[in-house]
Every structure is written in structure tokens, then in C-alpha cells.
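Per-chain residue numbering starts at 1, and chain names A, B, C, D and E are given in the order in which the chains are listed.
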Amino acid sequence: MEFEPTIVAFLCNWCSYTGADLAGTSRMKYASNIRVIRVMCSGRVEPTFVLKAFREGADGVLICGCHPGDCHYHEGNYKCLRRYHLLQNYIEQMGMDKRRLHLDWISASEGKQFAELVDKMTQTIKELGPCQVKHSVETLT
Amino acid sequence: MSDNEKPKLKLAVYWGAACGGCCVSVLDVHEKLFNVVAAADLVFWPIALDIKYKDVEAMPDGHIDVTLFNGAIRNSENEHMAHLLRKKTKVLVAYGSCAHMGGIPGLANFTTKEELFRRVYDESESTVNPDKIRPQTSFTVPEGVLHIPEFYNDVRALDQVVDVDYYLPGCPPQTERLVDVFMAIVTGAELPPKGSVVGAYDKSQCDECERKKTDNKKIKAFKRPWEIQDDGETCFLEQGVICMGPATRGGCGVRCIKGNAPCRGCYGPPADVTDPGAKMMSAIATMIDSDDEDEIVEIVNQVADPAGTFYRFSLPGSILRRKIVQTV
Amino acid sequence: MEEIRIGVYVCWCGTNIAKMVDVEAVAKAMREIPGVIVAKDYKYMCSDPGQELIIQDIKEHNLNRVVVSACSPRIHELTFRKALENAGLNPYMFEMANIREHDSWVHTDRAEATQKAKALVAGAINRVRWHESLDKRSVEINPATLIIGGGIAGISAALEIADAGKQVYLVEKQSQLGGTVAKLDLLFPHLDSAQQLIQPKINRAMNHLSIQCFLNAEIREVFGYIGNFEAKVYQKDDLETEIQFGNVIVATGLKPFDPSKIDQLNYKRLPNVITSLELEEKLLSGNLVMDNGKDPKHIALIHCIGSRNKNHHEYCSRTCCNTALKYSNQIRSAFPDAAIYEIYSDIRSFGKGCEELYTHTARQDVMFLMYDQKGEVPKITEARHSEKVNMMLEFREQLSGEHVEVPADLVVLMVAMEAHENAKEIAHAVGVSMCGNSFYIEKHPKLDPVATTTGGVYVVGSCQSPKDIPDSVSQARAAAARIMADINFGSVEVEVTTAVVNEDICCGCQTCISVCPYTAIHFDAEKNVSVVNEILCKGCGTCGSACPTGAIRSRHFTDKQILSQIEGLMSMQLQH
Amino acid sequence: MLSNDNTAIFLCPPVNGDSQQIDLKDIEGFAKDKLKVSHVWDCASIPVLNADQVSKKIQSFNITKIILAGQKPGFYKTVFTRAMKLVGEDPANVMLAGFSEYGAVHQSQTDLAKAIVACAYFDVPFEQAIPKQAHPARPETLVIGGGIAGIQAALEIANGNQKVYLLERTGTIGGHMAMFDKTFPTLDCAACILTPKMVEVGQHPLIEMLTYSELTEVTGIPGDYRVKINKRARRVNLSTCIGCGTCAEKCPQKALSEFDAETGMRKAIYIPFPQAVPNKYLIDAENCTYVKNGKCGVCVKVCPVEGCIDLDEKDQEIEINVGNIVVTTGFQTFDARKIERYGYGKFDNVVTSLEFERLVNAAGPTGGNITLQQKDKKGNRVFLENGEVPKSVGIIHCIGSRDENHHKYCSKVCCMYSLKLAHLVKEKLPKAEVYEYYIDMRAFGKGYEEFYNRIADEGIHIVRGRTAKVSQENGQLMLRSENIETLELLEQKVDMVVLAVGLEPREDAKILATKLGISTDPDGWFKEFNYAGDPVGTFTGGITIAGVCQGPKDIPDTVAQASAAASSVLQNIMKGHVQMGLGKIKGDDIEFEAEKLSMKKEVQL
Amino acid sequence: MSYRVDFTLKHDLKKFGIHDWNECFHCGNCTAICPMTKTGSLFPRKDIRLLQMGLKDKLATNLDPWLCYYCGECTETCPRDANPGELMMSLRRYLTSVYDWTGLSKKFYTSHFWEFGFIFFFFCAVIASFLIWLPLSGNTAELINDQGGVMINNLVAGISGASFVNIIEIGDWTMAILVAGLLISNILHMFYRVVIRDKEVKVPVYAYITEFWSLIWQFMTQSKFSKCEGKTYWVGHLLLMTGYSIMFAVIVVLLPEFQIEEVRPWYNWQRLMGYYATFGILFFLVYVTISRIRKSDWKSKFSHPTDWLFIVMLGLTTITGILVHIFRIGGMVSATYYMYVIHLAVLVPMILVEVPFSKWSHLAYRPFAIYFDRLKEYSRKSQNENKLVRAA
């Protein structure tokens, strides 16, 4: 059976979640590997959530926020951007491929972009194969 | 000692994968040791008393009142003793950073048993081992079969092996805190709920730290401590130096900071924080003073070793626990 | 802790969900999760019978948490929260799983979609366990309003609110009301009288029963929050008045750019180089002559002085083009035979009736010459004695591509608008932010151009960015509308899902303070902890993520809730 | 008491190409007979209107106060202030009595003009001389038009705890803004910021949306208007429709989508756009096979909700009572077909800016791909199947604006939206060349100039010089224009041309104005009460205007005006009464009031 | 080098036309829509600019107005109703006065007194000169020839036949030389102002020869006209131009062959040429008159008084010429002779005023302007090439 990754996505309420809704109302089709968690702002997404998702078995984590300058709360997305880069360095150091964590900007009108992003990310993760965090933790000796 | 006096507590101290500093911290009790000894009998303390494992095994379950278990679980002996002491002890305390979160030995989780062995038994400059002989867990000699503890691939914190009642953090724990805790137990004060951290404060380092703190936490460049002109007064973070203080419990007496070195986090996270490294990463990254992606990357890359920096004492206890090694 | 009793409802949405998701299987799987008391599927959860079903179950099974898995929470979260309220439950004991927009509508494999739906609902169930009761909060509004600045914007806002019978405190720094408009003669584009516009308004404001005017006065600090502010008004002769008010309108207006910063213009060195406001003075007094008392024969107007140039102000000052066109008409009226030169870079006559003014002006025998405002301004020098004029302007004319000399007796510099000099202090006092160029930042440049990120504080007129009179008046009244609406309502609702600081844990590192875009967090030095002003907080949660100690909790988006949701989501994944 | 002998009234001829409707002779008679001013002179009678001539006249008659009366007398003022100064009189005593300032432009308003002169004569502000006749105000408000202005006004009033009816002619609120992709200068997406507001309107307990409805008649008085509204048959029940979309999926009949500026198709049963509010379907009777032929009814069969679709539903007239009305009817774009030389309608890839907005919109017919078009067999424009994108795009400013042959006025937003569109092209097609052809770059608002500079730095060719014509050569479009800054003739070949069409009043603005009793200016925009002092009021009591229907403006200004209009409404409600509008008041009454007020002043003195 | 802007030029120029071109806001539409314009010679906007700014020298060295054939598209599409087409027309009048070193042209354009005075003077002079000799009595029958036509050359008593023709011929030649002299000197003046004084222009000598063909070609075909829209106008103008040239040839060069006593059959070349010329001129005159009255196209919307004067004069000349012909063939002696004198009395002032000083001069200026323009372009090109060579 082909490897079907699980991707946990954190979407901000104002742009990205709405964009994902738009993909739905427009009946765009995309890979079903994604599991969405709604937060008010991408600025709320903290490393703990991302690491937790990996620990629980996620193969990839996607964070989406408003485009730079568009944040409903002015600059939460910039905060997210800063954390994202540090976190990427960390997970890479922890033996994971950077690409397993991805940040992108999706506006409320970008349903199509969201669908494409999910497909692309799914593809990338498929190529990377399963994430070993959960396995590794479960088999600690 | 009269009969109507309270029976003395039975105290054990054990040393897992540790540097010995924790045991020294117990010794550091100095003259207060008399108070301790007055209230307690030391029934097991390998570095100080010649009491054999079998003596412990012989004890009835729950015989020991309090065990201070320091050190991480690195090998089968550590694990065996953890289980044994758990069985024999009423209150098992994870004593020190290693038992608490994995500590410095936990940094070995960045690598594997195989890599370590290769380095130690094959590659190190002082090793002559043409046959590439590796330690065996059992080895037959004319005298019989020798058993050597098995070296594990991963380092674990104590509570990842056995049930722990309390945690007393620190590398090493502040001796005064130990005395406080001990005396509390001795005097029969009401014990905190199981799983609590004792011997440390609820609030983190900054509460005690006397350096001046403002809301101006904006980092344009990360600095190592020697790269700044420290006036001894300004918050390290405001000078661009990563200080784990805000994500680390108080209780050590801000000793590092008083010594003009930033906190490195040995006292572990405050309550409710699952992963102090992640929290600190989040806080530190937020402080980066740039909205330009390229510049952000540039600044972030100045943190050369994020995992080592933010998880110096807590890697095995963190969410990811260890570096992933592709097994497939 | 109370026992967790969760009700789970899976919506079919007709065939919209049911076609792609096996809703029955989802409901069945959910029943296995600890804490789930009932799990049902129903055709239309949002319909009245659907909601009734939830209410009945809450009562019957003593549910204290509800999960509905249906469409996007953006559509029906409020609907279901209301249903919970009707059943006597706190509306926040609810979570929605979006299995339509995020699942059935976007996937094509029924098994996968069903699996995903299970995961999403399980996540919601895990999350809702940690939900807490949150109460709606509102603050009462003091019906009085403070208006800082007595120009056209401030007066318009004051009259608007006062005419509705509400108290207004109007604080003006100068000794009289009227601001810039009181210094003008005529108004573009119809050349109506500025004095006839402003003077009656000043009179009315001064004599209005509901307006208390403070002249020669200033505000140094404002305390409180939306609905309940207080401040002291300081007047010249050490007079201090304490006032209480519910809202603040900042209308501090503008100040003209000082052209002596540009050497080429020789302003102040050549007596017949004047600024636009100095020309207004001449026009008002009828004293439209050169320094020697003679009539000017050649008059040049130079646009964009201090505007649209990165060395000074990058922005366009918006009104100067139309004002210059107005001047041309006025000068033409005064001197039917004079040579008038408009030296411009783009004619921005964009308002209603303004292009028409431009066309009309062009017919008034005005010579339009274009220069590059990004480069150097025309160089003004004294003319040689042999010349019949005072001065000579030199620059490259863009429309012809020639380097030209323009003779001039009088040069009018159309100076830029700058933010008022004490804009910064006032920003600090009332808690509004400023852009790089000292103009105040509005809450949202498009949808909320007069509010600021501080509740109850509004910015109107040219202190927000250069503006003409109709736009200033519109803004002033827009702010008045907002305030009257709040007064009328009597209270304002504030965000429920705010951040809150656990003072037992907060160590006073102050990381959170600069993170907050709404300056809702301040530091309590006495307790050595940060404190969230829950009235100002909008609940974005950024501070919660930035807090290294975990002392800040983002209500309804707590670490526990989200981490637990992750666990739930992942508990239903297929094994690989 | 005023000295009639020292006051002179000068009658000023019209300027600015305005036609004179008010008879100055009539005014002269009025001033002489009624106001007893002996010196009433016609400016036209002074051979050379210069300060010397005027001052001589002033001096010889001992004039100390001058009133300039006329359509826009300000254009004549400066010579009089100078003259006053020359003779040593106070220049502040030159007063203006501008007829058009208060809307006296037609002959029928001569009485009003007289009143304006009288006010200047008595030195009483005109606004204060309007007799205060007020009617009790009903608390309900009608907002006509559900664009951003209407939404803002409705929310503003409803948040003040007052009932609002929001009337919208199409099936959804949102207006033009909903069609845009991004908004200048911050480039935030229109949907992101608009849809939350729309949802807020939809969920507001005090706002009753009357979508797909039109105003038919207004009667009553300020404060108590009776408004008849035609609720057009939607044929889908608003309360039971669940928005599932099955009907549209199965509907066999296609039609051009209005929301996509007719660049894409929709079904005869449709939802205007995915985020529509109300998010319910409706049937377009003009295209519905059942309505036309009585056959079909597929939608009824597939609809999962019993009785939700009623294909035989009829229009319904309802009547509501309101105290105030806010008019926010917006605009339509200039029909680019009117200027043949730009080839709109002739060449496939000449599109209007509104169409282009849909092309770049991720939710548009091409999903945000800027796709070239061609004509299909039926002559309809369709997108190229291979999705070919333009390698170069030309954007021409001022289409229909600033043009004596079309609209003389500037449409205010085109420069900025053109820059924005150029940026979007560059963002989506980084390799494409973009050319902007403009006359004057009107980047006037907050952050606009900065935006302009940014766009210029993005490598977009911004050419001063409007393109004169578009022709087709070898399948490409050729733009011929003069680069004024470099003095070159440009013959630029591009793949796509965007015409930055101006804004114009809606076709039926005049009809609506008549129904409401408000006036329009010569360009057809609704006329405000006073240009500077009251830009949202009208001459009719209880009726305010806001947004583009008053004159072209951008979103921030529209929103500010909408709130300002709401402010008038809230004030009226809070006061409990609505002032009678100027339209119903006689000039004589104003005169009388002015005289009375001036007497009071004398007494006070 | 900087130019001084000048308000007065605009006011001066108003007398050459009726419009105020200040309304132009320089959108560039006129230049871009013009079928004749090209980089290097951009008009009419540039010319409006020069006028608005009063850059007299620049304007005087400018050839653009001659390159415009006034199709009116610029005016029609001008967003500001600034009427650039009419500006070019007015500039042609202005330039005519600039080229004319005598200063008369300016006087004619700007003063009715001078123009009508001159015309009236020549008119009277011709009449007067004939009044001395005109046979007011005598046997008119003798003045009929074999074909029944009037013997035209016996108009003056005492001088008849060949000698009369010779006198007229001498008059013709004198006039032709005078007019040609004036024209040529004006063209030289034009050449001096346009080519020589323009320091940026350096024309290689051979270019004068190689580019000369354009002068001839343009003169013959007026081909540039056809680039503008409206072929009728081009055809009409071509008819007029050829008709006029033929008339000129037969009157000046071939007068002894033309003004003969014998009435030749209608198909004779001499009569056919006359008819062609008459038709050509008349056709265009009628066309132009109708359009100027109807104001049907842009170029005829605004008529300067001199436009009408030219039409009237040319019309009168043509009509009197036709009448002379009819009367002559009809054998009406007195009528023929009076008409002949009137014909001359109209013709002479028309030639003397219109050809060197007024509208008719464009006949010469336009082809030369095209010629000079080509020279200038040549010079520009070769200079650019030089620059390139140097750069390389």
C-alpha cells in the first residue's frame, strides 16, 4: 500500500481558514491527508504545537497565515514567520527534513492556491516518507 | 534517642547516569547533615556507604521512606536500580536535572549507541583495538560468566522508566532547597500533590533575577556572552544573548546570572510547560526585530545549535526526545 | 472537577456531507471515545429540528460539552452556540468540526473522507474537553467625548455629537478655534468662502450648551479605557480641569512644511518667495503685493514643495494641486493681465468638481510647466538688474524637454502638509500609533479609517494623513457616528476570548508587552507581573505563544485545548 | 441698523462653463426693491474688472460692504478684496452669496438664490437661517445599496441599536468591492476584509436585508417616509435554502455571470459568489428555462429541501416605514465600447479593468490565471484552452474620464487601481512586461505615493502619455502613444490591453433621485448639501448620501462617508426629530429668518 | 542653454487663429493618433507646448506644421477640446509670416486693413490700367472671328493680336518672376531659419541631391495626404493642385498658344487643358466651400478670414475666367472684354497677395518643408551613426 502521510495544518481564522473554506465552496479537489486546526492568528501557532503534532505521528505540519501586511491583527504572521525559521533549523538538527514543516500565506480568496498547496505538500511528504518521531519515541531503549 | 521519639526516616540516595555532582550537593549540606542524620538513617548511598544491591533487594517493599535518585537512565543497571528502588521506596524523588529531564547525559540522544561505540572503541585517538572488540553484556571467563550492564541506545529521564513522586530539579540542585524539602518531609508538613516539582519556585528565574528588564526585547543579532559589553545590569535577552531564564524555574538563586552568565535552563520548565525548549524558541523568535524574511533567516541562523541551546538539560524529556535516525 | 459529558452530532447536510462521508460510521466511532455520552447523525443539524435535537439531549443526558461536525464554523458556529445557550449551557462549551468545506466537498474517496472526518471530530472532542465557560463582557460608556483639536474636523465632530445632545469637551492648543481653515480665504474647487464656512461653526461650537471649549489648552495624559477615560486639561494660566469621558477623537490637524530646508528655493532670503499659507494671508487681507508694495506681474506657483520627494516627505500632500489651481484663479481675478505659472509635476485634481477647476484654470491663460519633483526643485535666484522682474526660476521643463527660465515677481511655494508638531506627545497620551511620517495609524486603512487599535480612540482629519475639507468633515462625522452608536447602545461588548496572565507564574520578563499589537498588556511593577487589559485585547493569541513561562493563556485557544486537539486528530489516523 | 447705502451688491456672471439659469436681473430687482440696496451692479458692466476700476467705484459711492452674488462668485472675489484694501476698507467685508453652494442652479430655484443673497446681506449664515421645521423621527432607517458604503452605514446604525433595512437590488450584498482581487495600496485582499463585514450584516439582529429588491416609491415626510419596495421573485426560499448547490449543479441553463463581470458563466439558478450574503441561491428569471417555456424544473426535483424552490413565485410589493434614508447606490463603469479606437468589443484581448479584476482574482473564472481570450464559434469570448498567458500587458488610464468627449471629471480611483493591477500582473507573471499609460498619476491618498514608487521599482514601464489607439497586428495588439517624458512615439505590441474605465453614475440614478426628491449634479452624481461643510447631506430632510453615488472615491473615503451619513441618521434618532429639508422650504422663509436673526444680533449689540 | 518662457507669443498667435490652446494638458493623444507623426518629429503636442511656453525660436525652426495635413483626428479625439489640428493650421499661417522677410504676410494675416487694402489696390490698378485703353465704342462686329468667337487680343484699341498677348505675357512673366522671387527668397529664408540656424543639424552636401526627389515627388503626388483619412480630400486637393499648375503653365509659359484668336474645337489640347484645370479648381472650391459652410470635417470647422478670402478670390478668378470663355465663344464682345478685365483685376491681387504672402504659399512651403525635414532627419541619422561609430 502506498504511504499516505498525515499532515496537520494550522490555519488562521481570517485568511487561510476562509481560503480553505473557499476551496470547499468552489468544490476544488485536493489530497485528503490534511487535518486542519483553526487558530485565530498564525501568531498563535507555537513550536510546541508543531512538535506535538510530529510526536503524535504527523508526517508533515503546515502553517498558513495571511499574506505579509494583511494580518488581521497587524503582524501576527510575522511572529509566526520568525518562529518558523528557528523551528525549521531545530527540526533539521533533530534529524528531520526541513520540508516537513511548511509555512505559506493563503488569503481568503486563494481557495485554489490552498488546494494546490495541500497537494504539493502531500506530494513532498510522500517523497520524504513517513516521519519517524512517533516510532522513535515509542521504541526508546 | 528515646522510644517516644518519631522513628527515623529511612533515606536512600542513588546515582544513575550522572556526573556525581548531585551526590556532592547532598554532601554540601555540611553541618546541616547533623540535622539530617538526626532525623534520618541513610540506608543506601553507594558513594558514601558500602551497602550492596543485594542488601537493597533484601529490604521489604516500601522499606525506604525517601529515595533521591539522581542521574539519567543510560543502561540496564540504571533501569534495574530504578525499578528496584521504586519498589522499595515510598517516595521516589527524581533528584537533579538528569533524573528530571535527562540532563547533560541526555545530549547523547543527538547520537546513537552505535556511533558512540564506534567513536569510543574504534576511532578515538587513544584507542588501540584492531579487532574491533565491543563490550558484551555477558562474557565467559574461567571464573564464570561476567555480566556487564547493557548500554542503551537512548538516554531516558527517570519518569520515562518508573513512576516518580516528586522532582527536585537542578544541576545540581541547590542544597538549601534539598534541606528545605527534607525538613518538610521530616516535620511531616503536608506534601504537595504527586508529580510536583519541589525545591524550586513556581515562578521562573526572571522573578529573582535582579537585572533590569524592560519591554524592549528586540533582537537584531544573537550574541554569545563574550560578544557583549555586559554592564551586569541589563537583561541578557535585551542584549541579544540567549538566556533560558524566563522558561526556567527559579530556585537556584540565579547563580549563573549572578556570575554574569546567562541561564541555561537546568531547573527545567515552570508548571504547565510541556517543553521548555519549544517555549523558549517561541519567545526568542518572537523577539527577532525584523519583518523581512531574508533578514529573519539571517538572524535565526546566528543560533548555531538551537537544539543544544534550548534543550541543554531537557532533551530526553522534550517532546521529540531524541534525534531521529532513519531506521527504514 | 466535573465529569465530562460530551454530545457529538454529525450532520449530513443533505447529501453534501453524507455522499462523501459515512456519517453513521463517524458517529459510531465517536461513541467509543471516553466522555462521549451521545453521538448522533442527523440530516440538517442547522435546521430547527436539528438544533432542537441538541437542546433535548443536553437536558436529557445532562451533557456539558457539545461537538457538531458539519460545515464551516464561519457559517454556523454562532447558530449552535445560541442553541447551547437556549439549553442553558455556556456557549463556549462547544466545538465544531468542519467536515463539509474541509472534507466532503474537497475529496473524492469516500473511505478517506470518512477517515478524515473521524479524525476531525475526534480532535474536536478532545479539544472540547478542555473548554471553559466564558462570559460575555461589556463595559458601560461615559456619554461625554473628548475632542483634541479645534480645526474643521474637531469642530464638525463636536457639533455632530453635541447636536445629538451629548457632552463634548473640545480642547484646542491655540487661542481660538478654526485651525487651518480659519486661515484660508476661499475653498477649492468652487471658490466658496472659507470664512463663511468656518466662522458660524466656531460661533456655534463656542456657544453650544453641550460643548465645553478649552482654549490654549492641552492634554498630557489620558487614563482608562474605552467608555471610561479620564484626563486633565491644562490651560495657560495653570488652570487644570479634570474631565471624564467615554471616547476620544484626535483631530490635531497639520502643520506646513518649512521650505527653508531646501536651499535652492531661497525662502526667507528672497522676500518675494512665500508659502501657500502666507499667500492665503495676503489674499485674505487683499494685500496681494510684493515686498516693495508693487503689483507682481509674474507669479509662479511651485507644487510639491516637501512632498513626493524621498529627501523630505515621500507622500503626496493631497490638497496642494487643487489649492494651487484655486490660487491661479484668485490671482487672475486680482491681476487680469499678470503672467501666472503653475510649476507642477502631476496635476492631482481628483475630487468632485476638481478636474473641472483644472480645465477652467487652463482657460485662464495660466502657463503650466512640469518639473520632476523627485529631482531638484526649481532654482530661484534674484534676477539681473537688466531684467524687469525680481527673480528667475530655472529648471528642466518635462513636457517640452527643455531647460527653461521663468521670470517671477512673486513665487508661491505649495508646501507639504506635515503632522502636527505635538502629534507624538498626543499619540503617547491617548495611545495611538504613528506611521514613520508622524501621521496616526488607523485601525484598518480601508474598513476602519477613523478608529485606532485603541478602543474608544479615533483619529480624524489631516492628523491621519493629508486631507481636504470634505474628507476631513466626513471622517470627523464618521468618528462621531461610531461614538454616538456606542453611546446609544450604552455599552460596548469586548472580546471574550482574550488572553489572561497567570500571576502566580508570570516572572515579569516583559516579552509579551511589545508583542501585543493593541498595547493591551502593561507591566505591573509592584507585582512584577504583566497584566492584560481585557478590554483592549482582541484575542489573537500572539502573546500566549510568545510567553516563555506559559503564564499567558489565550482563552479558548489554550495550549491544552490545542495540544489535546492534536492528540485527538492523530488518534484516528490510519496506521502506516 | 445696516446702512443700505454703504452696501453694494455685485452680480457675477457664471464661470467654469456653467450655464446661468438664475436670472441676475431678477436678483437685481430683489436686492433693490426688497433689500433696499441702492448699489446693485453687474460685474459684466465694468469694462475691465481690475482693482483700480473697482476701487474707484467703491470710493465714489462710499461702499464699506460688498456682496458678490452669482453662481460661483468666489472666482471674482480677489479683485474686490484688493480693491477694498486699496481704498482702506476692511477686506473681510467682501461677502459671497454663491447660489450653487446651496444648490440654487435652476431657474426654479431663483427664490432660493434670493434667500442666499439676503443671508449674505443680513450677515447671517445660510444654514442657520433655514427655519427649523422638524418632524418626529421614526427610529428605522433604510439604506439603499448593499455595497461597502451601504454595509458600513447599516452596521454603524445597527450598532447604535437601531433597526436598519438594507435594500439591495442583486441577490447578495457586497457590491463592487466583492469583485476586486486586492485593494490598493496595502494589497490586502478585498474578500478577506469585506466578507467578515458581510457576515456581520447577515447575522446582525437589527439589520433586515432586502436583497433582490428594488425601491418603487417613496412618500411621506422627513422622519416618516413610507417606502414601497418590490421584492423580486427569488424563487428560492431564503429561510429553507441550505446553500448546498445541488440545484445549480444540475441546472441545464447557463448565463453570463454578473459577478465575474461577464467573463465567466453561471447557471440560471445560482449563488452570485461563494461568499454571498445571504448565502442562498436564486433563479434568474430571464434565463430560467422553466420561467421562459414552462418546462424543465430540474432544480425542484433535485433540491433536497421540500418546497424550497418555487418556480412560480411572483414579485411581491412590501411597504416599510422609515425615518431616515441613506443612499449608497454606487456606480457603474464606463462603457468602453463608446471609444471605438481602443478596440474594446472588437479585439478579444482588450478587457476592461473590472473584467481584469476577475481575471486576476483567485476566485475568478480562471482561478487567478491571467488567461488570453479568443472568440468561439458563437462569437462569445472564451479563455484559451491551453491557458496561454500574456507576455505583455498594456494598461491605459483615463478611459472615459478627464475627457471632454465623455466624462469631464476625474474618476479618482483609476490611477491607483491600474498600478495595483500592474503589480498583480507582475506578481503572477513575473516575466511579463507591463506598460502603464497615464496622463497625471493621481496617487494622492495615504500610502498611495509610496505604493506608486514601489510599483515603479518593480520594473513596470510607467509611461506618461495616454495611448491614443489600439490596433491589431499579427495577432498582437499595438498601442500607439507618445512618451511625453522622453519625446518618443511608442508603438508597443502587447498581448493584452486593460482599459482603466472610469466610474459613472448608475443608469437609473436620475430616476432614483426623482423618487427620493434629491438632486443630481450635471455629471449625474447625487448632489451633496454643501461641498465642504456637509458632504453627505442632501436638500431633502432625512436623506443622506454616501460613497461613489455622490462622486467617485476610493474605499477609505467611501467608508468614512458612509459612517458620516450614519452619523446624521443617529443624530436625528437621538434628537428624536428630523429637520425638514431645504427642498421643501420657501426662499421667503429663509429671508424672513435671516432678517429676524440679524435683528437679534443688533439687539444684542 | 535655457529658454525663457514667454507669455506674449501665445497672445500674438491668437491673431493667426481663433483658438486658445492653453487647455491642453499634454496627454499625448494627439501625437499618438496622428498618422503622420514619428519619433523625431512629434506633433502636434510638442508644438502646442512650444506655443504655450512661448518658445518663439524653437517654433520658428519647426517644420511640423507643414507635415500636418489636417485630417482632424487629433482634434476629434482631444480630451480637452484643445483643437490641436487648428493649432497646426494657425501655425502654418504664423510660419508663413515668419518666412516672409517683407513682413507683409504678418500684416495680411493680422490686419484686415492691410489685406483688403492691398487687394483693393491691385484690383483698382488693373482696372485703371485698362480704363485708359479699353475700346468703349466702335464696331464690335469686327471683333468677331471666323468661328464666331470674340477676338480676345483686340481688347485694347491700338494694340492687338500678338502684341497684346505679348504685353499680357510680359505682365505674366513679370508677375511670375516677382512672385517666384518673393517665394524663393522666403524659402531661402525658411531654409536659413530651419536648417542653417539649427545648430544641431549638419547636412552632408550629397544629401541635398539625394533627397531632392522627395521634393518633386511630394509636389507631384501629395502622397502624404493619402496617409490621412479621407481620400476625397486628397483627390480634390490633387485636382486643384494639378489644375492650378496646368493653368499656371498655360497662362505664363504658353500664353501665346493659349490666348489666341482662333476658337479651337473643344477636343483641342488647349481647350481640354483649360477645362481640366477649371474643373479641378472648381471641384475643390465647391468641396471646400460646402465643408466650410457645413463645418462637416474638422479642418473646416474653424475658418480664419483669410481662408474665406482665399476661397472667394480663387472662386472669383475661376468664375470670371469661365465667364470670359463663355462670353467669348458666345461672341459677346463687350461682355467678354469687361469680364476679361475683371478677371485680371481679381487674378492679379490674388496671385500677388495669396501666393507669396498668404495661404497659397503653402504650395511651395509644404514640399520644401518635407524636403528640409528629410534633410534634418538625414542629418540626425548620420549623426547618430557617427555617435555609434565613435562609441564602438
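By our rule, contacts are C-beta pairs under 8 Å (C-beta built on N, C-alpha and C of every residue); 3 or more make two chains touch, one makes a residue touch a chain.
Keep in mind the model is a prediction, meaning the values are calculated, not measured.
The fewest steps needed to get from chain C to chain D, moving only between touching chains, is 1.
Counting steps between touching chains, the shortest path from chain A to chain E takes 2.
Distance from the centre of chain B peaks at E, each centre being the average of the chain's Cα atoms. Looking at contacts between chains, the pair that accounts for the most C-beta pairs is C-D. Centre-to-centre spacing of chain A and chain D amounts to 44 Å, using the average Cα coordinate of each chain. If each chain is reduced to the centroid of its CA atoms, chain C and chain E end up 68 Å from each other. A separation of 71 Å divides the Cα centre of chain B from that of chain D. Centres computed as Cα averages put chain B at a distance of 51 Å from chain C.
Counting only residues that touch two or more partner chains, chain B has 274, 279, 282, 286.
Multi-chain contact residues of chain D (touching two or more other chains): 186, 188, 245, 402, 404, 440, 464, 484, 487.
Within chain A, contacts with two or more other chains are made by residues 18, 25, 27, 46, 48, 52, 72, 75, 79, 83, 130. Two chains count as a pair here when they touch; such pairs are A-B, A-C, A-D, B-C, C-D, C-E, D-E. Within the complex formed with chain B, the chain A residues making contact are 46-48, 51-52, 54-55, 68, 75, 78-79, 81-83, 85-87, 89-91, 93-96, 129-133, 135-137, 140-141. The residues of chain C lying in touch with chain B in their complex are 504-511, 513-515, 523, 528, 542, 545-551, 559, 563.
Residues of chain A touching chain D in their complex: 14-15, 18, 22, 25-27, 66-67, 69-70, 72, 107-113. The touching residues of chain D, counted against chain E in their complex, run 341, 398, 402-405, 439-440, 464-469, 480-484, 487-490. Those residues of chain E that touch chain D in the shared complex are 25-33, 37-39, 42, 45-46, 77-81.
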